[in-house]
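What follows is a set of structures to go through.
One chain, chain A, links the two complexes that follow: it is found with chain B in the first and with chain C in the second.
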Partner chain A sequence: MARATASDNETPQNPVPKGPGSVAYRLVQRAMQQRELTVVLVTLFVIIYFGIANSAFFTTANIITVCQYLASIAVIAFGEVLILSLGEIDLSAGAVYLSSPWFMYLFWTHGMPIGWAIVAAMVCSAGVGMINGLITVWLNVSSLIVTLAVNYVLFGFVLIESNDIQVDMPGQTGHFSIIFGVGAWSTTLWAAAMMLAIWALLKRTRFGLHVTATGGNLLAAAESGIRVRRVKVWCFIIISAASGLIGILDAIRIGSINPGSSGLDTVLPGIVAAVVGGTALTGGRGTIVGAALGAIFLGVLEDGFNLIGVNANWFYLAEGVMILVAMVANTQLGTVARRFRR
Partner chain B sequence: MTEEISPMTEAESPLVEASTTPDATLAASDVVLEAVGVTKRFGAVVALRGIDMQLRRGEVLGLVGDNGAGKSTLVKILCGFHPPDTGKIYVEGKEVSFRSVADARGFGIETVYQDLALVPQLTVAQNLFLNREITLFGKVGWLSAGKMRRLAKKYLEDIKVEIPDIDAEAESLSGGQRQAIAVARATRQNAKILLLDEPLAAMGARESALIVDLVKDLSRNRGVSMIVIDHNYTHLFELCDRINVIQQGRIALDQQVKDTSVEELTKFMVSEYRRELAAGQQLLEQ
Partner chain C sequence: MKKGGLVGMVIATPGSGNIQPRIDGALPVFKKAGLDTAVVDGGALEPGEITAVEAWYTGHKDVKFLYSVDDGDAVAVADTIKKYNLKGKVGGSGWDVEVPVLQSVKAGQLNFTIDQQAYLQGFVPVIQLFLYQISAGLMKPANTDTGLGFVTSANVTPYLAHATRFEGSGVAQTAYAPPSKIAY
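For the complex of A and B:
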């Protein structure tokens, strides 16, 4: 059967039946080969469940709410897919998300036009990623610790800069703000665009292949001449730039800039989305589509619990249990799926 | 390891049997890689005490020796990982000094490690083209996946390596297949000299046959020269044309495989070992 699996993929038009119930069997087989299978199933399950449980779930207003909520989780998750594929982790992406509007505000209050202030804030965000990357690869400190420390540094910066007081987002009118966050689907479309870009980068370009190689077998990648350190630094830059951008877009959407809490509450859902989606924490395997589905799963969960009116005290407990269920299903289905893949 | 730290070994040069090449009649141009008087020391430890070694075109040379005899050090010098302290290295008759592994690779010298070489999560084709990808649009680096698959398939057919599925992840292949892919990648990327570290380790008979056939084919038909390190004499006799025994940082024996046998080599190694032991005891008594 193992050989048949391989040739089936290459010549799908080949009509020779290869197993019990041929067509149905092969459909199952094809489905089982997808790493994103679990997350598709659990996401469908929660969507159907909340759809039935509350009639408000499938209204346009609610779908917009879900999408606006999950856009930032999704974008951070896409970045984390790159980082996790490398075998690294970035805990500072949430803090970058929260601090980039403050960078922008800082530049704006010092007289920069709003457009340029946004660009400058993006550069700062990318710079944070570069610092994460450079400390990780050149000073050989675990990225977990480096980015955790940077997370606190940025949180501190936000508290100092804001005095823990929320400010209004400058420049809230015109086409500009509609494209950059205010439009109902704006952040969702931005997230979708970033999904496409990062997917193409990871799966269709030389750089993406080198990301997978670096995370899959660091020695082999370095041996073959891939500049693994440079690859890593670039990934840290990409996740920070993406998180910074969606942070600013969200600030424009909300209309105010908040001091927020420690960025961990923002970055961890992103990591969960990536991992629930099928990206390995150990490196070498990343799926952007899975991360998007993982973000939808978390978004629907959060929104659904609100809709059906789960007691706030029970909220985290329920969310935690659902994440556990998704991950256990992931590994258990993975064992079954491997039999189909070989 | 111990014999290298022992300070007296420096003085026992007469122990070394022969380092002159038996086929001195061969033209110099046939020597693709040559080491002359190569020494290397790591702090107090003398790893190599003057290696003279020649590798000819299309030849498979086996390196044997105890752990710490210096064979890994020699290979690391030849592949550009370490620079030698003294001595010279010649590639195709020209003196070279490698600053890095990439430098050595530029001269067509490539090391193949069985499990280090491949990325388990990448496909056979992706592994074959790792860091030599064919891309579109220049700098953007958009992968030309179809072309790479076709070329990978064709190349594997050319060197008679049978891999059922070019899109299979390396992880799902057997050890022999992985080794074959690693060798294939090196030669596809124009390696003229391969350094193989225990290429038949942990392989069944059929797996071994795959690699032995590949090594023979590459050396006979494509003029690829190879240096094989292995502890297992049977493996070495299967693969190699010539065998060099390294002891205490020197080439202690240089024999054509057809002129020797596993028994003879074993006997030589044991007698050398006894001699070292005796020398060590002598040192202790003093």
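For the complex of A and C:
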């Protein structure tokens, strides 16, 4: 039975250009070797579908709307790529995203200039990441539990500090606001900058090599002299700082902050974007470009369903089915792609 | 609004017990008035609510009114009306009296918001139960209408001028001077 299954798998189900030496074959082989291929295909599919379904999809206004929506998902996803690559998970990134504007607001209401209030809020956000990392690696507590607990701690902190009152966000005027969130492309450009920074960190630095090595084989990495605990703590700091920054930018863009929002509603799309993009939940494999594509996929879905007027009651069903389809396509195409990598 | 006009009904969390009835209650009224309706999922997060309402508006530019049933979506509706310069062309309404929502009423982006007197909703039942307890059950809790206040540009100013814990806009136990006349 097992032999029959293996044999089936080895028989190409999809027509591919014959002959390993042909140009077409090599092109297909090269495409199949890209981990991001599936998410590229499903994203293109939904873009084309919504573009045909509603002509407003390709308007500049709507593209800005999509980009503003996906910026926060993307930034959290980039951080999760680092964390997931290490075989860990960070469920507090959404809470950091939501609490960092409150940190900033508190510093600002206590007289700190707005620029310094942003810096101080980011330091607080990074501090949250450090706490996550230190508890995970030094006290050997599962990062899932640590970050889930910290998620609740931050939610509680915001509720207590805000007295449950929704407030206006400072920094709404002048060039400052244009750069820090209010500008139409502001959050998108910040997200793109963070993508480049984290991609370069992962692909072009010794630290990135250490992240990959630690995620690939923790014991071997430690044996070869990599300070694996330090690597993990730094990754938790990076995701928290990035989530904090994009949270502040989004809050300035919106103009008000609401204490009643749940961090888990924010972090889960980020994790989905990373995984749909090709990052392994089990660690050892991560792709920043894939996470960006995953965020685009989710952003387009969210925007597209609203654009074509999907009823609120059907919305989550449709979104869930599409995510499932994307992941099934990902795993199935991955099986085919493995044959091309041999 | 003329018959056939489209109303976008924006809800943060479809199905949730505290806000879904606000859609369910308004829907038959709109339908009876001959209006076309669509229920829009805003999502539970304010950044997402704004992009959801913007996206929905982009695909439904013939909308005549955006009716939101929670404060986050009220901010989203107001922001959309402001961003696309729809004041006077597309009506908008909110729910609750959080300061950003009131400011949108003041600015004319929202035609009204609903003040459901949430403090009274909590305070009155507890006081009635307390009186029931200490009167050997002789003072029976009575059905009490805590009121339904429409906050419009005509009466929004006092809300913004008085930060009060009774309306969720302040925490200090400030005692303000009574109004010159009782008004609803």
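The definition used in the following text is that the second predicted complex is superposed on the first by the 321 of 342 C-alpha atoms of A that agree within 3 Å, B and C clash if a C-alpha of one lies under 4 Å from a C-alpha of the other, contacts with A are read in each partner's own complex, and residues count from 1 in each chain.
Here is the rule we go by: a residue touches a chain if its C-beta (ideal position, glycine included) is under 8 Å from a C-beta of that chain, and two chains touch if they have at least 3 such contacts.
Because the structure is predicted, anything quoted here is derived from the model rather than measured.
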Chain C versus chain B on the shared chain A, clash or fit after superposition: fit
Chain B versus chain C as contact partner of A:S261, first or second or both or neither: second
First, second, both or neither for A:T331, with chain B first and chain C second: neither
Partner chain in contact with A:G309 - chain B first, chain C second, else both or neither: second
Chain A: partner with more touched residues, chain B or chain C: C
Partner chain in contact with A:R253 - chain B first, chain C second, else both or neither: second
Which of chain B and chain C A:N140 touches, first, second, both or neither: neither
Partner chain in contact with A:T205 - chain B first, chain C second, else both or neither: first
First, second, both or neither for A:T60, with chain B first and chain C second: neither
After fitting on chain A: smallest Cα gap, chain B-chain C, Å: 35
List of chain A residues in touch with chain B within their complex: 3, 6-7, 9-10, 204-207, 209-210, 212-213, 216-217, 219-221, 223-226, 284-285, 341-342
Chain C partner contacts - residues on chain A that touch it in the complex: 54, 56-57, 59, 61-62, 65-66, 68-69, 72, 98, 163-168, 250-251, 253-258, 260-262, 265-266, 302-313, 315-316
Chain A-touching residues of chain B, taken from the complex the two chains share: 101-102, 105, 111, 113, 116-122, 126, 130-133, 135, 140-143, 145, 164-165, 167-168, 172
Touching residues (chain side chain C, partner chain A) in the complex: 11, 14-15, 38-41, 43-48, 50-56, 58-61, 71-72, 75, 79, 84, 98-101, 103, 168-171
